[in-house]
Structure formats: structure tokens, C-alpha cells
Amino acid sequence: MSQLISRSDLTAWINALLAEYTVIAPTKVDSLALYQPVKRADDIFMDFGITALSPKEWLFPPTETLFTITTQDGTMKLEAPPLDGKNLIFAIRPCDARGFRLLDKVFLAPPADTHYAQRRQNTTLIGLACSKALPQCFCTSVGGAPNDASDVDVLLTEVEEGYLVNIVTEKGQAAVAQAKLIEKDVTPPSPPNLKPVSTEGIVEATLRAYNDDYWERLADRCTHCNVCAFVCPACYCFDVRDHINQGKTERLRCWDSCQAPGFTRVAGGYTPRPTKGARLRQRFGHKLLYYPQQYGDLLCVGCGRCIASCPVNIDIREVMEDLQKLGVKSVSARA
Amino acid sequence: MARIGVFVCHCGSNIAGTVNIAQVMAAAQTMPLVTFVADNKYSCSEIGQTAIREAILKQKLERVVIAACSPQMHEATFRKTVAQAGLNPYLLEIANIREHCSWVHSNDKAAATKKAIELVKMAVAKVARHEALFTKEIGLTKKALVIGGGISGIQAALDMANAGYPVILVEREPTIGGRMAQLDKTFPTLDCSSCILTPKMVEVAQHPNITLLTYAEVKSVRGFVGNFEVEILQRARKVDASKCTSCGICWQKCPEKIPAEFNLGLGPRAAIYTPFPQAVPNIPSIDLAHCRYIKYQEFVARGEEGKKPPQCRICERLCPPQAIDWEQSDQVLVEKVGAIVVATGYQTFDHTRYGEFGAGRYPDVITGIQLERLLSASGPTEGEVVRPSDGTHPKTVVFVSCVGSRDERMGRAYCSNVCCMYMAKQAILLKEHDPEVQSYIFYIDIRAGGKGYEEFIRRAQEEARAIYLRGRISHIYQDGKKLIVRGEDSLLGRPVEIAADLVVLATGIEPSAGAKELAQSLNISYDAHGFMVEAHPKLRPVESRTEGIFLAGTAIAPNDIPGCVAQGSAAAVKALAVLSRPSLVSDPMVAIVDPLRCTGCFACQRACAFNAIDSQVTRDGKTIAVVNESLCKGCGLCVSACRGVAMNLKGFSQQQLLAEVNALWR
Amino acid sequence: MNQAIRDKAKELLASGAVSCVIGYDVGSDGINARPFFAYTEEEADGLAFDQTCTHNLVKYLIDRAGKATAIVVKPCDARALTVLINEKQVKREEVFIIGAVCHGIIESTWGQKGSDLQGRCQTCTQHTPLVYDLLVGEPMAEPTPKAPLDHRAATLANMSVAERAAFWAEQFQRCLRCNACRQVCPGCYCAECFVDQLDPEWVGIRIDLPEKWLWNTIRAFHLAGRCVGCDECQRVCPVNIPLGLLNHKLEEEVATLFDFRPGVKADVPAPLETFKKDEKLGIGE
Amino acid sequence: MSLLAPERPITNPFLPYLATVKGVTQLTPDIKLFNLELDDPEVREGFDYRPGQFAFVSAFGVGEAPFGLVSLPHWKAGVEFALRRVGTVTRALHDLEPGAKVGVRGPYGNYFPLEDYRGKNILIIGGGIGMAPLRPVIRTILERRPDYGDLTIINGARSPQDLVFADEFDSWATAPRTRLELTVDRGDDNWSGQVALIPSVVQELKPSPANAVAILCGPPIMIKFTLARLKELCFADAQIVTTLEAKMKCGMGRCMRCNIGDKFVCADGPVFTFEQISHLLEPF
Amino acid sequence: MALDYQPKIVGFLCNWCSYAGADMAGTSRLTYPPNIRIIRVPCSGRVDATLVTKCFQQGADAVLVAGCHPGECHYSEGNYHARRRFTVLRELLSFLGIEKDRLRLEWVSAAEGKKFSQLVSEFSAEIAHLGPRKDNGKAAGGSL
């Protein structure tokens, strides 16, 4: 027996959730699907393949005030802003949810990042299993699955009668408290088939390729547009700087990209990663080597956003394939 | 690097009467990096300056803001003040709380105080980003160039030469003397023009400090004050000046006769000629466009069929010292000078543009300058005034004023300044030449503002019995031997018609041909008519906006002889003030390139009006911009042109201006 | 066409006339073209040109300064190349230009083939590049200019100021400040973009509307009189901000005010690098 | 999910300790030594660190940047940093006067394993501001002089005025079994010492690799050529230690700026032997 | 429109003409509203678009750029460049939702103290009439 919610009950449930949570759900903005806070269940756009951006911004916002700096009567005070309120990300794809698992390892490792940790704690993830695969999808090759429930609090799977509701965690249990669920014997649809990509030995292959000219060749066409980093659910490069405006001074953490030319430039002008190739190596090195060495997993969830949005078609699947071949034979035609 | 001191000036009650000084001081105390705040009754007074100096030393101030009157008043004063206390004079910023605040907001003291606080805040933010700047000493060439050998240029050249400085005088024509040499007498004294001019011309020629280059033109000027490099084109005379004795055989025997420019076509000259007998230098030149031998050579060079023109070469054969030199060619001379006086003079308006005056069809409609030549004893008629058409003596002469002056139709809104006076002079001279002559002078207004000028007009009316008619001429046409002049007497409000023997058009003054092009190569500005623009019409009337280049005479605007001479002397003094300095001091507020940011797109170079951007190749082979600090005037146009903020302007840097903007909101 | 490009590329590489040919090959979706750098004759066989070759490749030439390079350009790209040559970022003598006659580029996304021409191509008046060393494809008659450059501009022009402000606030709000627009823009080649500069710090670090607004405004301004309308910025924007609209608006302004089209003539200053004394522009009068 | 439910309130790892500028000493025309006192007495007492470690210093309103700690905690005389005025943060810090508030976040990173070097001959090579983080190394060795073998210090800078810690040179040079070699790229009228680049001084001096450790810090170009000279003298990569400088935004191995390959300067370093990193360093 | 609305205007004045013109207004005691904050620049051509746009971003209600009359630029050409630059910038800002009237380029000579005071008075009134900015680019309370 499975638990099921009908389409109309789903709407009612979401409207009930809105009283308790800030509900962040896919919406249609111009021609894009984006996760945005919604006011009504009707604002939600369910017919999305994948959103243009991952929902990572709701746990790791593009701009985060780490603390404000105020001076009163000659005394300086540093205060972090309160992060109250409960968030619920609705219809998060399993791959995007997996992105949070990868971010957790970074931001929750001691010393835990308070901002991320508080948001994480206050956020419930309602997953939505994928019923079809897009050409860029390859989650199954990097440890995920279209119907993977392991990183969400509740997983919804669309069926003819409505949505199967798989409650995974206590948080999920709390979220479905107000949902009208019915017990029914429904066979879950089989997940779509994805073309597998080999990741075998990729960590070693990437290490081997460290000083290979492969990176410069690959970088020939790379424009360092940073799009890959900004759409990625798992990228987390950031910058920290102060900002003064209207008398308010605050220390901010903002998204950044390792592809930006000045990313590593130190005061005085020296840049340790001066070439496009060195920066591209950093990107793939981080995903396929450094992060795995630090935390175990590949820093990729297989959502394929970087593949679809790369203006010059740098395809991480091709890169992995090339790296595996490197040392075996020269790979250059594709780079 | 911080420690900013703020000094708020009361300026008696000028500021303190409107702005609450105590509030401004209290606010300044809280501004970032401000470590000391004080007020002064009068900051510019010796007591005030001493207080500032003492505070700098005692408080170890590193930057100073003085909230007082406009920087245009006392920035220079206070720079000296802080320098005396050992600070770099450029680590000072003035907050203008008088002209821009207390004086204009005296009706709202609270708002004025608030504004004064913000102005101080902006100045504090700016001064925090000031950098110490240093002037540089630059050597100079102690030699002057005068362009134009008319009376203005002659005067300037002589004054500088007499002061002991070498001068190069460049004149386009084969002789110096300019327009004044064409005149018969000068108003209002009726001195003989050449009698007073010729000695000066000779003095130029003989002066040990003057290098005279006639038949020569300035082709290009590069460099900057103290260090100009000039290219001068010396046109070939085809006569060896070192051999020529000015005996005159050549021009007497030359078979080719052409209307003489100097006499405005009223008489002939030869193809080898000097413009007039007193020419300086008195070396003839061969007019290549008309010389028969040159034409022959060209014919042969073209290889055309047909009858060959005669070879001529009479001058060559007859020249006693064998001075004719066919091989002589144009030469480009390069000279270094420290200052330049531009005195390129004028030409007269082309009256043929006036259809109603016959558009040049009537030979007896002549210009004022043509009449000068007829009046001149050394002119084509040896001083006999005759009609060009039939050689008879005119009895009724009509003068028409403002031909090409004060006439917007012709694009000449300005007054040519001298016409009223020379018409009066010519009426007097005509009467002297022939008591039967009756002059009619059509005028719009009589402009006679000079010393003795009004009396001179009176003399024309009373002694020479010239009849002044106020009004414009509508039409001139030939009727038999007479020229019928139709106009209106606007005082009586009725039409006038005069049957004249001779009509004299008082053609207006316009800049010499080529003046615009010269101004462009000198990088000095000129107005819509081509007159050179003064650095300031009142206070810097003989300086161009380019340092080291000075102006004199009718190149600036129509002027009479005393005015031109005065300007020539004035320009000379200004030039001497440059030349007499041991060295020049550069303004440190110039542009500077950040070589790491420059991509070498050279938008700065395209924008720069002073050729101050050069290129240089960096160690890694990149071609980037570099500022020639000597040429840079500090306008900052290049800074705005630079998208990548590689270009900056010392003293008004992007950081400084941005700090001011941000201070308004931070 | 493909063969002509490949033959020339091989010839140039074989003779050593160039060390690299920058063109297009087929991307990982098997549908859409992507930029391709051929260094060997063998690699040159991968070169191809079709109606998915949307990328403006000329920016790659800046990195190849000092190295002789051949490049495949569409007519719009050729104009961008002229801009770069005028601005001394590329030396004409270092580039062999393979000009491709262009029938317009198809609007398509990765993994999907589109069918309609891109908006910019619908108003394009140039099928044949204005500058090339070798022309590939059959030259064809140039269509008459179709105004306006961007039909969206008229819609905006008809809005009230407040509506326009709201429109752009909504668009810019999505901006991630990823700078992709800049990275692909052939006109953006500053060593250190003003937005990245810490001193002076023009734009704060916040990824907030005021910063996004300033960034997008100044970037558009910096391209005024220089942008050839290749729309790469708009194509790569991950959140679909209609950046081309801003550029086309300024393109039209510059054409109207100064009678200037960027990249048409060599050796002319951009309109904001020069002036005419007597022009009447409706400001400061 | 234990990570999500911490037992005690976690403190914001980006929050610096407030500190007061106690002293500012101009070391060279563009380097100032800052002496800071941490405001909270408890924090001050507990702020422990070793030679080689670094901390972030905040100029509030501008930002923070990492700098090597150049003092030693047992001096109980405040926390010291030598800062060269080169970027926005250091410019703002240079503008500060005693009494001003700054932030200190740290200490971070590993340190020179001076315990392991006991009994060894130590060669210390510092160029310009690169000498700053080596000061606590030198001072530690001098404080425990009998524990170590010969100490050779090569300190170089662009010009005589650019040599940092000049007022300590006498005490270094006069210590037992210690040799101080000062060198500059360009001398001036008052300079009677060597005018040579550091690599040439090393070449000249020919230090023996036997039972030795070489510690170097300086600009990349100096490191590159000095390394080459040391290798010619048969120093093994494992015998050569350096402390690296990199742009950093966190100090916790997260911002992905300081890593060189898989080595994080902030977390795995800043002290490395060349054995650990030589395969990752292109500039060297 | 609230009468107490006080617009904030930033004025970039060239040192040679307009700044001196503003001084002249002061010397002549010609009053004008206290809304303008004057920044001295060497030339109107020095004022780059980024600075002006930055003013708007920071919350300026209007920006005045003033320089020498055409043909009278101390540096001969700077104001011509400014004329082109701000014509284009004004079009761009208008397209983005900032009224054209909020950016003015004016020629004020050193002698035109009266013109300057009238200009500021009129401009302030005009901007006060327009009311607060409607776009969201300005940082002042810029909505997120």
C-alpha cells in the first residue's frame, strides 16, 4: 500500500503549508522555470523538466549578511542577523536535493557555518521524482536517481490519480500533517532510463591529468562566463567583502566563480591561476578530485544544467570520458 | 596616512552669519579619519594661516580640509600654507562653504548648515584619497617663433629681439610688411604708412637676433610650452639671396606681365618680382605659375606634342651676379622654440558675393584697399586717383560701408572695426588729391571710439565736405559712364540715388586664408570665422589656450594699427615671461595610466585634444598607452574615455570623485 | 561550404600561414555547433558551418595576439572584428578571415533543434561579411533595412517611465551577476572590468538590484556605438535577461544621432570617442 | 542528522574578535607593524598560535585579508602583523591610528614544525615582506638557541629601506652560531652591505644540506630561483620548507581560492615542504 | 506631492566656467535652493558616465553636468565629448525608467552667476515636481 494525495488535495495541502512555511516552489518567470517563494498554490508551475537555476540559493543565498558592524557611543558591535522562519522547498528534484547533501559536507563540517546550518535546519524539502529524463541528465552515474528519496524529507511521485507521497523524515512527517493522504495500492511508475556515464577511476584520472595540456586545449573555447558555476546545485565558491551604504556597514558573503580571472588574484597583482586552462582545471579538479578527496563524493549531481547552459558546449560528461582516456592515448580533438 | 584636520572658516560673518560653525565642527569630529577640527575667524589671514600651520605640526596632521571660500579664491594660498608646515601642498582640499553655501542660502540657515556639513563630508572623503603630487622642472628653448610678418608680428619680433632673445620670423609672402605696407596714410594722424613701417621692416632684416624667413610657411608644430618643434617650409625663390644685389634688372626685363597682387590687380608685375619697391628682403622671387622657363620645363616634362613654348631665361642671362638658381627647391627647416606668437593677420571680404553691388562686374566699383593703392605715391598710378575703367579722374565718389561686416546674410555678424575710420580718411585724402571730389559715405553707424577718432570723422565731414548718409545701398548699376547707386536715407526715410564716378566698398576684415589650418596644427582654438580664440577675452587677451602660444593683431579680431602694435608688444612680453624663466614647472595634476589595466585600445588617444597620449611596449610585449606629462593639460577627457579605468587623473582621480559621490550617501 | 572552409584551413595550416583555425564543429548533442580550434590538418576536417553557428568567435582572437590565426566569421561577427581591429585589440595582418555568407541563425537550445530564425537575424541586413580574405558560400542580394532593430524597444518606448522602471527592475532582479554577458562580448575586453575593481569600487559586492542595475546600465553604456548586435550576451544569460534589447536601443540611438553603425568602416573612431562641433543633440542647448 | 542539531549554539565562524590597535611602527616605506590587543580578556588569554600560523585582520567597511602572525603568544605583548600597503584592505589598515578597532579571526593553518627541527642546522631565507612570518621562527630558535644547530639567516629586499625588522638585526647577528646575511637589489649611499639577489647569495654561501632544513618565504620569483640554487646544492624537496601566501576568503577550506591542486593553503598549509607541493606548482 | 520632499541633486561643474559661474552666483548673493551638492571637475568631459550613473544608483534624484559653452572649453573640446556622452546616457537612462529631465547638461560660463542660480532653482523645482524616483536601481531603500 502506498500513500497518495489527489491533485486537488495537493492544492489544499500547499495552501495549508503557506500558513506555516515560506513555500519556495517552481514558478514560471517569463520563459524560465525558477524556484521562487509563492503566495498561492496556483503560482506553482509543476510542468517543468528542470528549473533554470537550482534551488541552492534558498540555503546558500547569492548575498548573505554575515554580520553587521555598528558603532554606538564609541562601542563597536558585530551582530549576525537573525534567521527565523521556516522554509519549505516544494517540488525539488532529487538531483537538486542531492546538491544540498554535498553542500552540507562543506558548510556543516566543524566549524559549522551558522547561516547555512540555521537555514538547513529550518528548511523542509518536498521532492518531486522525475518522470522523464532530459538529454543532459545523468544523475544515475553520480550516485543519484530520478526517484531518489534519500535527500528529501518527502518524495512525491506523479501518478495518474495524483501523487504518491513517500514520507522520509520526521520533518517530512510534520510537513504532511495537514495533507489529506489516502492509502492506495498504486504501482509507482518505473523511473526513466538514463544513458550511463562512466566515472570509474575518475579521481585518479583527474589527478593524473593535473599537468596535462588537456586543460589549455579545453579552455580554448571556454569563455569563462561563470554560468556553469552559477547554475550548479553543488558549486559553492564565494567572496567575502564589506559593503557600506546609507550608513550601514555589513560583511557579506556572495556567490563567486572560480572561473573569474581575478578570483585568485592577490593584492599587488599576482594570480596563481593565471590561465584559462588553470581555472578550468580548478573547476573540474574541484568536482572530480579535491572535493572527493575532502568529502568522498564527486561534487556533481548529474542535473546537466552546466551542459545545457554552457554557451560553448563544455560537457562534463565528455570531460570525464576524456580524462579517463588521458594517459591511455592522447585526447585532443574534442578539446 | 590618515590624520585629517578640518578647519572651518567663519570668514567674519560671511560664513558664520549663515552657517552654524559649531554644528559643522561637531559633525566633522565624527567623520572617518578626522583627528582634529578647529575654526578660524579668517583662515586666509596671517593669524589663520599660522593657526593652520601650527595645528598641522602639533597634531601631526597628514591631510587638511579647509572649509572656507571657493578654491578659486584661496586654494593656491592654502597650498602654500600647508607646504610651509611640511605637508605636500596637494594633500589639501577646500570645501566651498561660502560661494556655494552661505552666500546663496542666507535665507535658510538650517539648510545651509546641513549643506555645509555635507560639503565638508565630501571634502574629507576626497582628501582621504588625495595623493602627494610633485611638480617637475622642464628645460626650455630660449627662442621664439613669430608667425606672420605684418605690423603685429614685426612689433612682437622686435620687442623680443631687443630683449635679447633669438626670434624666428616666418612670413608667407616674399616680403614682410603685411597689409600696412599697402596703405597710403594712416588715420587719424595721416602719417605716411610706409614712412613709419619701412624703418621697422629694415630693423627686422638687420637685427642680429632675428632670423627672417620670408616666402615660408609653418607646416607643423609639435611639443609643448618651452619645447616646441616647428617644421617650416621654405619655398624656393629660384634666386640665390646671397648673390642677389636687388638691382632690379630681372624684373624690369622679364617679358611676362601679370596683375600685381600687392596692387590688387590695379597694375602689372613681372613673373620675377618683389611685391613693392621697399620690400624686405628685397630679393625677387620667381612666380613658378607664370615663369616662361618653368612652363617650358613643364611642357617638356609632360612630353606633349606640338609647338614648344619659348625657353626665355632672360632674367638668368641678364642677372649681373648670376643669382638665378633654377635648381633651388623647397626646403623643410626644423626649429626648436620655446614660445610662439601667432600674428597671421587678415584678408578682406570677397565683395563679389554681393550681387547688388555688381558682383565684381563693374571696374569702377573698387575696394578700400584698392583705393589705398590708387592714393599711394608708390602705387600703380603713382598717387593719381583714376577710374580703373577709363583712367579719368572721378569727381563723385560713393563709399559703401559694412560690406561683409555686420551682415548676417553673409555670415558676418561682427563689425570690422576700421572701415568707418578708413572711409573718413580716404574721403579726406581724395579731397586733398582733387578738391573737386565730392564723397558720399553710406553708413549704418559710425564707429569712432579711438583716440582722436571722433574728431577725425568731424574733419572728414567739415573739411573734406564728405556727405554722410545713413542707410544701406540696395543696388548699384552702370548707366553709361556713371554708376547709379541706389539706397535709402534712413534718417530722412526716403530713397536716395547718386550717379557716381567711383564706388568704394569698405570690405570687411576676415582671417587670412589658411589661418584655421594653422590653428589646427598649433592646437589652438578658433571661432566660427577662423579668428583665433583668446584664453580669456578680458584677462588673457593675447594668450591662446595652449600654453606658450600667444596671439596678436587681426588674427584675433579686426583691429587698427595701434591696437595691433599694442598686442604685438603684449604678446612679446607674455612670450618673454616664458623664455626668461630658468626652467618650467609642470603641473602635476595630469593623467596617468595603470599599465596593468590598460588594454591598449587607445580610446584615450582618440579623445585627447593635446596629442598627449603616446604608446609604449611593455616588457611582456603589450602595446599600451602612456601619458606625455608635458603635453597633458589635465582635462581628464581620456579618463572618461577609458572604460577599464586604466586612465586616471591625478588630483581628480576616479577614487577621489567616487569618494565624494559616496560621501553623500554613506 | 564546409569543404571550402576545411580546404582553406588545411592549406593555411599546412603552409604555416596560420597556427590555428578557429571555426565551428558539432557539439555534444549532435545538433548544435560549438566553437572549435583546429591546430592540425587532421583537426581541420572537423570544421563545419551551418545555421546553428550562433557563436561570435572573434573574441578568441584577443587571446591569440601575436599568433597568426584564421577565423570563420558571419557578417555580424565580421563587424565585431572590425571594431576590435579599430580598437587595436586584433591586428588585421595576423588574421585570415574566412567570411561565411549567412542565411541567419536558428533559435535553438542545447539538445533541441529549433526552426525559427533568431530575432536579430530577422532584422539583419547583411548576408555577406563586409570584410574577409576568403568568402565561402554564394553571395546573395542584401535585403533592405528593416526597422526597428528590435521590436521590443517600441513596446518599451510606449510605456510610462514608471512601467519601464518596473520592467527592468523585474528583469535585472534575476541577474546573478555571473558576468557571462561580459565574458562572451567581443566589446568587453578590459583587463579588469570596472565591476571587478576594488579600487575604485564602483559596484559593491552585493548581488542585489542596485548593483545589478548599475552593472547592466554601465555595461550597456560601454557598448554604445561599439556593439554590433550579435546578441551573444542575451543568448548566454542563464536567466534570460533581454540584454540585446538594451544594446539594440543604443544601436538605434547611435545610428540616429550620429549616423553611425559600428564595425562597418575600418579606422574610424567610435561615436563617443569623437564629436562634431556644430551638431545639435537636444542636450545642453 | 546530528550535524543539523548541534548540542550547543554554534558560533558564526566568520565573526572576528574585536581588537584595538595598540601600536603602529613603520618598518619600511610601505610596511607597517601593527600591534593589536584583543578586546575580550578571555579571548586574549586563550589566543594561542605557533610560528607560521596566520589570521584574518578586518578593516571594517572594506573587508578582511589573511596575514601571517609575526609575534609569539608567550610574549604576552599583543598580536602582531606586518602589513604591506598593497591592496584595499591593507590601505585601510595603514590609515588606522592607535585606538582604532579592527577584527581578528583565527588563528588558522599549520605551523613550522620547529620541534622536529631540533638539532638541525637551520637556513632561513626571506625576501621583502616574506621575512615577516619568519620572524617568530627566528625568535623561537634564538630563545631556545641550544636546541638547534647553526642558524643562517639570509634577508633580502629591494633596497636598504625595505628590509623589515632592521631593529632586530643586531640581536640576531650577535646570537651564538648565528649568521645574518643582508642583501639588497639596489643599494644607496648609506649601504655598505651586499648588493645581490638572494639566489646569488645562496649560491655564494653554499650552505650544506647535511642535517639541514631550509625555510624560505618571499615573492614567487625569488622562491623559484632560490629553490633552483638549493637543489643544485643537493637539498632534497623534503628539506625545503616554505610558507605560501594566497588569496583567501574563509580560512576553512571552503572558498576554493587558496588551493593549489588538492592542497589548501589555509587548511593543509600555509607551511609546506616542497616534497608536498612541487608537482602542483607551475610558477616554480 | 508632498511639499517637504527635498530632491538631492549632484552637480558636476567644470572648474573653468561653471564652477566659477556658481562662485559668481555666490559673490552676487543670488539665492537658490540648497538641494545641489557640487563636485568640482576640471572639465565637463572629465565626468564619466559611470560617475553619473553611480549617483543615480546611490539615490540621487537628479544630476547636473555643467561646462563651458561650446567653443569655449578651456581644453577646447571636452564639452563636445560631454555633449555626446550625456545625450546617449540620457537616452539609456530614460529607456531604463529614469526620466530624461533628471539628467541635465548645461553650459554655464564664469560670468553667468545669474544663469546658474536660475538653473538650480528651476531644476530643483522641476525635480521636486517629478517626485521621488520610480525605478528600483537606487540603493536608497532599493526594493529587493
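By written order: A, B, C, D and E. Residues from 1 in each chain.
The definition used in the following text is that a residue touches a chain if its C-beta (ideal position, glycine included) is under 8 Å from a C-beta of that chain, and two chains touch if they have at least 3 such contacts.
Just so it is clear, the structure is predicted and the values come from calculations on it, not from any experiment.
Enquirer: What is the minimum number of touch steps required to go from chain A to chain D?
Expert: Steps on the shortest route: 1.
Enquirer: From chain B, which chain is the farthest off, judged by mean CA positions?
Expert: When every chain centre is compared against chain B, the largest gap points to A.
Enquirer: Counting C-beta pairs in contact, which chain pair has more, B-C or B-D?
Expert: B-C
Enquirer: How far is the middle of chain A from the middle of chain B, if each middle is the mean of its Cα atoms, in Å?
Expert: 71
Enquirer: Rounded to a whole Å, what is the gap between the Cα centroids of chain C and chain D?
Expert: 47
Enquirer: Chain B to chain E: how many Å between their CA centres?
Expert: So the centroids are 33 Å from each other.
Enquirer: Among all residues of chain A, which ones touch two or more of the remaining chains?
Expert: 239, 241-242, 244-246
Enquirer: Give the residues of chain D that touch two or more other chains, as numbers and ranges in rising order.
Expert: 87-88, 91
Enquirer: Residues of chain E touching 2+ other chains?
Expert: 49, 54, 58, 71, 77, 81, 85, 139-140, in rising order.
Enquirer: Tell me, which parts of chain A touch chain C in their complex?
Expert: Counting only chain A, the residues touching chain C are 29-32, 34, 52-53, 62-63, 134-136, 217, 220-221, 223-227, 229-231, 239, 241-243, 245, 252, 254-255, 257, 260, 262, 276, 307-313, 315, 317-318, 332-333.
Enquirer: Applying the document's contact rule, which stretches of chain D touch chain C when the two form their complex?
Expert: Listed in rising order, the residues are 87-88, 91.
Enquirer: What residues on chain B touch chain E, complex-wise?
Expert: 70-73, 96, 98-101, 103-108, 111-112, 114-115, 118-119, 122, 523-525, 527-528, 533, 545, 589, 607, 609-610, 633-637, 639-641, 649, 652, 654, 657-658, 660-662, 664-665
Enquirer: Within their complex, state which residues of chain A touch chain B.
Expert: 244-247, 269
Enquirer: Which residues of chain D touch chain B once you look at their complex with the stated criterion?
Expert: My answer: residues 85, 91, 94-97.
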